[in-house]
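Below are structures written as structure tokens.
First chain A sits with chain B, and in the next complex the same chain sits with chain C.
For the complex of A and B:
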């Protein structure tokens, strides 16, 4: 260490030594525990062979996954084939596919009013509408933001942080902030009236309510997707751009021929993740609009929540059946994500 | 070494002493949990009373869990169904939760006192078919009724309709006032089934058919629904309450009333304490008798009860707490300090003093107490019906859709009938 003044060196040495000793004493119990585990692990390895040991190491994780993911899915499926209001499955009468039959009893699936459980289908229609607008807006805005943040602009670090900051906020906080901005006497209406306009009741008009639900959702989550796209942009080899520059290729052509094709795997991930997140939308929209006006922003997850918990007859069976339907849709979207990820690896 | 030995010896001795002398005393203290929601200051009053109870009964400690109203309606039923509920709770859906209620009769010193003073309200808390159980008492009797911003009427120079005025008279008057003073809410009705039924009962709805089962959509109901629908069209009511949220979500106009944006606010007696505190001298407000219609001038009763649950491990101790809280002097103090209409027949007869109430609050309490005596039997029957909340929720959910322009009133009627039938059938599945 020739560049470090000798007067500093001993202090650093002491500090490093102290930290090292502290670290050693901290991991001491872990070391003891591992040493205790050693004999049984050796015994297991002798019994099942080295190749099977992978399963032993996977077991703890698998137990937790089974307890907190597979078991609830199983319980949900059991609930979906039972009726009544009792909480415990053993006390609930078996009704077979009645809950699903009730959900799918429609004159036309395109007209929620013709369905027996019209609220579910209104939720489906709203969620579909929300996904179309939200995913499109999310991908486009995130892409533009990532492209700008990838340029050498002044205050780039600051802007990257600013766009990511809403992702750290709780969805309820996000929705409450925007509710205060958008309500009758909120900030936006104050600005509109100051400029001589009339107050707009954003939460009374169905189109405005859906617009703001999409807007707030994009505002809150675009930082995350921007980050994914930014990582993708930075992984594009710089020599491709240099070659394009030497050929005097126009900027729009560089974007279409180099940037977008090489960013496509990241775009697929962003699209699929946004689709899944859109289908699961609940908290922000619930706090912002309460599903209204009427049922104009009622989403499927809100329908499930209200059917199970907030309606007077807590209809767990019907809510579970709706959850299974949503689960199947999400499963398909997840398969899409896997396929997209595999394509990215290739 | 000697020091260490003496330290260890004294530590062991003190441990032994704590086990011998302190152990049994600590083990005898029973801890009970009470879930409580508040509209005004009643949580503070209850905490104070429970502290006093504990001072007199060292063997019982009560943990008061103060929760939002929504938690009492949505979380508590699941807690109770899973056997993990509290020992007692202040609830409003007394019929819906009656299957979890504890019949305290075997543990009460004087069940007759309860029958005499809470008799009609006990029916609201009993499971269907049970005519004797004593599960709790009323922490308040609520009466639905309108609050009026008197100052806005004075500023507009419009005369306030008098007693026996109809809903139409009031709608006309509040619209005039709102137009003159630029108030955004001429008439506000909480987005609640109870408030709608204050209108529907006065329009002559009978709620039940000849077979005793709900027959919700009758002529009186349609008259009331049409009024609400038309008021939204004509601007007497703003869509911000009934039209801006979905499903069974409750929306009140407390903040709007406090900010003098509402001319007439149909809510109820539980708001008095809150308005007295938050409005102060900002403007003059009055409670007025329920407006009238072809079915009379009755409003809707309601209320909250403190109910004991059968999942408790300590029914005797729970009964002791309930006896203390339901005793005449304690309950009189509770009603008096919380500014509540009494749900105790003896106290209602004697009258409650409200020394902390200002002139506005005192006058409002008087109006609601008089209204309570004029409530029609059909309104009481609707409130006491075990599935009443199914009816009330179906009504607000579907009327909300009609008001927001999503469906027609005719569609809403069909859906209300179907929703009520479907939910009652689901509840009856065993």
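For the complex of A and C:
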């Protein structure tokens, strides 16, 4: 563009000037900060050399992770091997593996009632049951939804957005919405009675409570997993389907022999992520059912929370030991996820 | 093996017409090549034949049976894709057997067909490998093998050599020609490479903007192009086109070419004096003739390929002229070269680009 004085093109000149000033004022603090940082960074680089500078740039994140991730993990481990009710580690007596022994003191691991800490094992059993149903339902429903949303259907973009919206909601909001729908005088019971049926006390019947805990969890998170599977489906080259069509492949066989095997790496990621998320389940179910009726929907994380913070005797040590056990399980699942992700890259 | 017939086939995507009234018969056992520049509709035409695209209007017949609205899976054709479209999670054996399993053949029959095709394509040692463990050329052969095992009515090839390097392309081209000679099946092949078209085809269909410009054997197209498009597309380097104005046409065609007057013997055809025409002459049909040259041009560039030399030269008032000379020419940039158009090889095109009777 020729260099035209702004006086000849006043409107454009004003617009550019205004934006330019706005931009300049926005980046001004950054500019000032960079200028202030420049001399010390140069001094550090002179002292340690350019190659080591990478660690200097990584340092803020190391500090952040150290303070808010690794330090709490360390404190948790310390708590798990110390007893008493004191909060400061220095005031807590060392008890070694007693907390773990107490947690694992069971007549039969399949019968929580035979365990000394039966609530922990009820939480484990409930979480396991929840994971089995939730992961199975999540993977199947996400897969079917992704397959449908991958087809050339009317309003595809709208439906893709609709299925993803619940993912953006806070778990507490999700649980409250469904609580309003499912409670004794909620929307669903209103509909049932309008149709001539009798009210169902969803949160009083243990089977219904677990069903809705799974349902709400699937409803809230399936958009995320659908998105992963949809991305996987769209990564399958279209010409493979055309080749299958030329090969006179029936549609069900295309699904079984081509789509699913090629989607398998994404499925693994979805399964492992859903497993990890399922093992960590707390807020949605806690707000929805409070772990009830009785302990029918009590999850491990809720047990940890209640043992540490909401029982009359705050047993930090026992809660920390349960956290360590859960942490080990999650660590193994995370390794699985990494392995799956690496396999996907290959 | 089968005969293919297209009658008035049209294809539009929304308001864009991609194919216009295509009429074509491919005879049983014939190797026909669709050739044309990018976007001419050749791949769309192949997909229409395959059944991967529906015609907007018109009809498709295979072996006398109307298949216009039959899905691809029911037409009994096999296609080799540009990307090969091999199933990446299946071994070579599974890739080749997949269509046969769909047909419900017994395992022994499938195995026999796969082994036979693999032996023909030198793939026996690779049957248990996955496609990612194969070279480009081997993948190409698997894609062909996948088509062969089905014993299809017609083989369709969609630019199958375009992902191969130059050397492998030449080798695979020869293999394809040998394969056609051996199998004798009807084959339809799409390419934008006129050398592939010339070397493989029994007949070539030249397409431009969704219309057939000319159908003929390679040499018919080379010797008797029906218009400037075909003349320019077939042959490498492309034909020289020189604008000219008719002075007279009464047993001897006299033309003004550039700043020179040129006389060509020809039966009178009554071109009006002053009519604008285009002379077409291939680089290999221009001779260097120091004593009897029709035009004198100045050498701009010389490409010496050892066995042949291409000379690019300019003459006043004319576009750059390309000459092909056998062996190693001694011309250099800036030299004056007197050139003569070889008698019997000159093409005359009218103002619309259509070919007129040869001088």
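In the analysis below, the second predicted complex is superposed on the first by the 289 of 346 C-alpha atoms of A that agree within 3 Å, B and C clash if a C-alpha of one lies under 4 Å from a C-alpha of the other, contacts with A are read in each partner's own complex, and residues count from 1 in each chain.
Assume a contact is a pair of C-beta atoms (placed from the backbone, for glycine too) under 8 Å apart; a residue touches a chain by one contact, two chains touch by 3 or more.
Please read all numbers here as calculations on a predicted model, not as lab measurements.
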item	value
When chain B and chain C are modelled together on chain A, clash or fit	fit
Which superposed partner A:253 touches (first chain B, second chain C, both, neither)	second
Partner chain in contact with A:261 - chain B first, chain C second, else both or neither	second
Greater residue coverage of chain A in the superposed arrangement, chain B or chain C	B
Which of chain B and chain C A:237 touches, first, second, both or neither	second
First (chain B), second (chain C), both or neither touched by A:245	second
Three-chain overlay, closest Cα atoms of chain B and chain C, distance in Å	50
Sites on chain C touched by chain A in the complex	50-52, 71-74, 77-79, 81, 83, 85-89, 98-99, 102-103, 146, 150
Parts of chain A lying in touch with chain C, wherever the complex brings them together	237, 239-240, 242-250, 253, 257-258, 261-262
Interfacial residue positions of chain A with respect to chain B in the complex	83-88, 93, 95, 113, 116, 118-119, 184, 201, 203-204, 206, 289-298, 302, 306, 309-315, 317-318
Chain A partner contacts - residues on chain B that touch it in the complex	73-75, 77-78, 81-82, 93, 96, 184, 238-240, 243-249, 251, 387, 389-390, 393, 400-401, 403-407, 411, 415, 418, 423-424, 426-427, 429-430
